[in-house]
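Here's the structure we're looking at; comments come further down.
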Amino acid sequence: MAQEYEKIVKDALLSVAPDLEGEEIVPDETFRDQFEIDSIDFLNYVIGLSKATGLDIPEVDYSELESLQGAVAYLRRRKASMGF
Amino acid sequence: MTARTITYRDAVYEALREALRGDERVFLMGEDVGYYGGAYACSKGLIQEFGEERIRDTPLSESGFVGAGIGAALGGMRPIVEIMTVNFSLLALDQIVNNAATLRHMSGGQLSVPLVIRMATGAGRQLAAQHSHSLECWFAHVPGIKVVAPATIEDARGMLSTALADPDPVIIFEHATLYNEQGELPETDDYAKDIESARISRTGGDITLITYGGSLQKAMAAAEDLAKDGVDCEVIDLRSLRPVDDATIMASLAKTHRAVIVDEGWRSVGLAAEISARISEQAFFDLDGPVARVCSAEVPIPYPRHLEMAATPQPDKIAAAAREVLRR
Amino acid sequence: MSEFRMPSLGADMESGRLVEWLKSPGTEVERGDIIAVVDTQKGAIEIEVFEDGVLEEILAEPGEEIPVGRTLAYIRAPGEPAREQRAAEKPKPESEAETPHTPSTAKPTPSATAYPPRTPGVHMTPAARRLIAEHQVDPSTLKVGPDGVIGLSEVKAAIGAAPTPLEARPKSKARGIDPGEMRRAIAAAMMRANHEIPHYYVTLTIDMTRMMNWLAARNAERAIEDRLLYAAPLLRAVALSFAKFPDLNGTLENGAFVPADRVNIGMAIAVRGCGLITPAILDADRHDIDTLMTKLNDLVKRARGGGLRSSELSMGTATLTNLGDRTADGLMPIIFPPQVAIVGCGQISERPWVVEGEVVARQLMEITFAGDHRASDGRRGAQFLSHLASLLGKPEGL
Amino acid sequence: MSADNEVSLSRAEAMALLGQMILIRRFEEKCAELYSTQKIRGFLHLYIGEEANAVGVMRALSPNDAVVATYREHGHALARGLPPGEVMAEMYGKASGSSRGRGGSMHIFDKKHRFYGGNAIVGGGLPLAVGLALADKMQKLNRVTCCFFGEGAAAEGEFHESMNLAALWQLPVLFVCENNGYAMGTGLSRSESETSILQHAKSYRIAGEDVDGMDVVAVRAAALSAVGAIQNGGGPRFLENKTYRFRAHSMFDPDLYRQKQEIAQWKTRGPVVQFSKWVIETQLLSQSDIDGLEEEAARTIDEAVRYAEESPWEPEEDLERDVYTPRKVEETAR
């Protein structure tokens, strides 16, 4: 199941920054530190996650989605609370 | 608005007739303009209407009767002198350059020469070198005279009255191949046309074709040909060869960045060279390529048709030059 | 049987009107006889026949306008039997009669502008040089055309402007922009601007707390794709301020300030790995915040995808550069020539701030206004910032 | 053609005079036909009716004398001995024409025959003739330059300037004015205050005489005496040959300015008609001689047309050849 969430996060990120194709992502480091993602990119990334998972993600949760590890953990938690 | 289909020759005739009826001081003078009706039949019927006094056949004395025309203008008349073709004007160059163009300035502004000279010009009828010259640039070089080239029916009809109203000498060049051309002349009560500005005959954005007189239709044909492969030409009809309407030219260059000048005169020291120099002075930073010139080959125009065509600007050469400037 | 055709009677005669026949069918004719009269522009001309025989049949009627070369009548040679039945005669096409067997001029004409080859090396056209300067493109980064020339098409390809219909669409890279090229182009432009423009700087720290709370409340009621970033209201406030200060919104052209009649705000957008490009949002003062958000989003995508329009790149009247959150507090921006002003915003961060005499934590943003001293002075820049601050202070008013 | 003309004419001379006039007449008639079928283009000015002048004067000139003519110069070229085939090819514009096809009907040149061409500018040839004669005088070459022109030229400044120079410097030039009464569409009385062109010449102290331009024997006699006078250093001479063109000024001229009877009346005194009658009356020649000359002329002209038809066009690549003399002098291949 973790792989599935990881793919969703990577896909959302690539849709915003296609040039990151094939880049190594350090799981516990924020995307902004690794890849110069700015606020507009981040917003579109979050929108991508929301569309892919059907979850509505409030602004206050944004900070949890800033790294691969954090985002996967968040998705697993939200899905679990929905009885998946 | 109604319009009539008439020939270029009819337009010239109507302009002459209107001028003669409108002002007693106006009279027409030249070789065979009277009983013969004009070498190109532009004044046929005028002598029957206005009589020998105002439609004056002259002996073959170009220097003589052009000089006399200048004198009559000084004396208060408004002569229209017809030199059969620019080829014979060489015999009257002294009178035109040293008298007509110079008297006002040289007399400290006292004397005025309100004279109009009309001449046929250009090649295209296999008349060989001595009868096929295009020497408009010789006259456009001289300060003190205005030089115009009516390329359309409207201009052939409308330029004469403006020229006659001008206190200074005006030379009107009518390309010999245009007389038979037919076209629409919109009905109006005032046909007068300005004689100092150029006209955009075709708007376009990719390249500007600049030309005048007998070459206008060739440039338009080249533009149609180029349109087939997506090149959108702007065609400028200079109409006035002195003064030159720089503003219209430079505005077009600012848009298209590329220019081809079509001039039936010879390339060296010609009118196209003058226009090209003005463009490099005023629109240099707009240029995306050298200004091209399509002129007559540097040869006396030969008699055989295929050599005359080879020697003079043609639509295919204009299109080829445009493609070169467009780097395509 | 020989055909008698409308003769060419002059160098520019294309046709003639038959006035009358002077011989009737069946009568004898001799070489040199006048057979008919034709009217031309010059008047009526008698036309002669050039062989002996009998005028067999007349094809044209008086009054008809007949092109040169068309058959008018048949002449039966003496002693030739009369033809009972005559095949329908197709009139000979004029063109063939008009220019008998002159050689075709199909040979390729020598190049109309045949000049000796250019001096070797790369040649850049004047129009190309001007576009490069306007868009701060580094010339050394440009690709040279196959003919050794860098022209408008080459420059337009490099700055990603919509190519004019003429140029073949340039082979687009993944994102259409060569990062190395852009880096060098920006460096060259910045160097020139910094060197030539006498900058002055004024800074102001602005309390953005009310703005951020207002945004959070808005976003809470909105679906995720409609949520706003503070960049949108910030852009609107900056645009409205430039509208209020026309002497700061325009360009410097050969030493004289020319005020712009529109407010087009150039947005500094980072293109990963390449650096900054500043396409403008046109008439930014006339759009509401939601529209500006959509335009911003679209602009960022196109800037990175190489799809910017040349108008966007050349029509900016002033520029806004926003570092964004978790970056730095403040910056000293460089003006983009030929503009005369730029607004630089640092990150929004929580810092101590005095409100009604007490020190409290507030979300603060440091804004720096850089102006061209040839067009305005520090005092004017400071007035601009205080007006901007008042707008940002009342987000609901934007 | 006064009957008591005691000039004795050899049979050979009569054959030559009549033969050339007939050749020119038929050649010009053929040209009119070829023009109507567009084989000949541009302008075409025919010499029909004026043949006696070229034929008569040329008899008095020697091969190394020079001839300058006008755009109505086909007859002069043929009378001067230029090959009919080359003249016709030039009318077609073919590369084998007298001027490589570049000049056409109005510009026939042939250096071998010192035929310095037609000239389309009225009066344009006169100063050239004066110059050729000046060169002969300065190089002490006993040669004559003969300059043909129409009475229309007398209105041009170049006519008066040339007359004066020739007289002032006593140059060996024979001026032959072919006065056919009309300068293009304008009759002489409407273009000249003094309609006697000889009178103009006399005002420059140039000796000369009026000649009946329809009488080839009279023209020949006047030319012989004028050339003789020039050759023994008598300075320039002037002949005003009263003549008439039976055709319009050029092919595209409705000829409305001349009365039909006037034309008909002159035709009765046509040079060919008149001389033919005289040689028969004086039994110098027989009708079969005349028929023979007609057949020979017809053969020559058919041959000339065939030569012109089969001659090549000048290739476009040669367009700019001969604008300047080539650096290394190589014979420009005919």
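Going in written order, the chains are labelled A, B, C and D, and every chain counts its residues from 1.
Assume a contact is a pair of C-beta atoms (placed from the backbone, for glycine too) under 8 Å apart; a residue touches a chain by one contact, two chains touch by 3 or more.
In this text, all values refer to a predicted model and were calculated from it rather than measured experimentally.
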item: Innermost chain by mean C-alpha position; value: B
item: Leader among chain pairs (count of C-beta contacts); value: B-D
item: Chain A and chain D, separation of their C-alpha mean positions in angstrom; value: 104
item: Inter-chain centre distance, chain A versus chain C - centres from mean C-alpha coordinates, in Å; value: 42
item: Computed distance of Cα centres, chain C from chain B, in Å; value: 33
item: Separation of mean Cα positions, chain D and chain C [Å, integer]; value: 65
item: Residue numbers of chain C (touch at least two other chains); value: 11, 42-43, 99, 102-103, 105
item: Interface hub residues of chain B, defined as touching at least two other chains; value: 125-127, 304-306, 310
item: Residues of chain D touching at least two other chains; value: 41-43, 256, 313, 316
item: Pairwise chain contacts under the document criterion; value: A-C, B-C, B-D, C-D
item: Sites on chain C touched by chain D in the complex; value: 5, 7-11, 13, 31-32, 40, 42-45, 47-48, 50, 68-69, 97-100, 102-103, 105, 107
item: Interfacial residue positions of chain B with respect to chain D in the complex; value: 31-32, 35-36, 57-64, 87-88, 91, 125-131, 297-300, 302-307, 310-311
item: For the chain D and chain C complex, residues of the former touching the latter; value: 29, 32-33, 35-39, 41-43, 248, 250-256, 313, 316
item: For the chain A and chain C complex, residues of the former touching the latter; value: 17-19, 32, 35-36, 38-41, 43-44, 46-47, 50, 56-59
item: In the complex with chain A, residue positions of chain C that touch it; value: 174-175, 216, 219-220, 223-225, 227, 229, 231, 270, 272-273, 296-297, 300, 304, 324-326
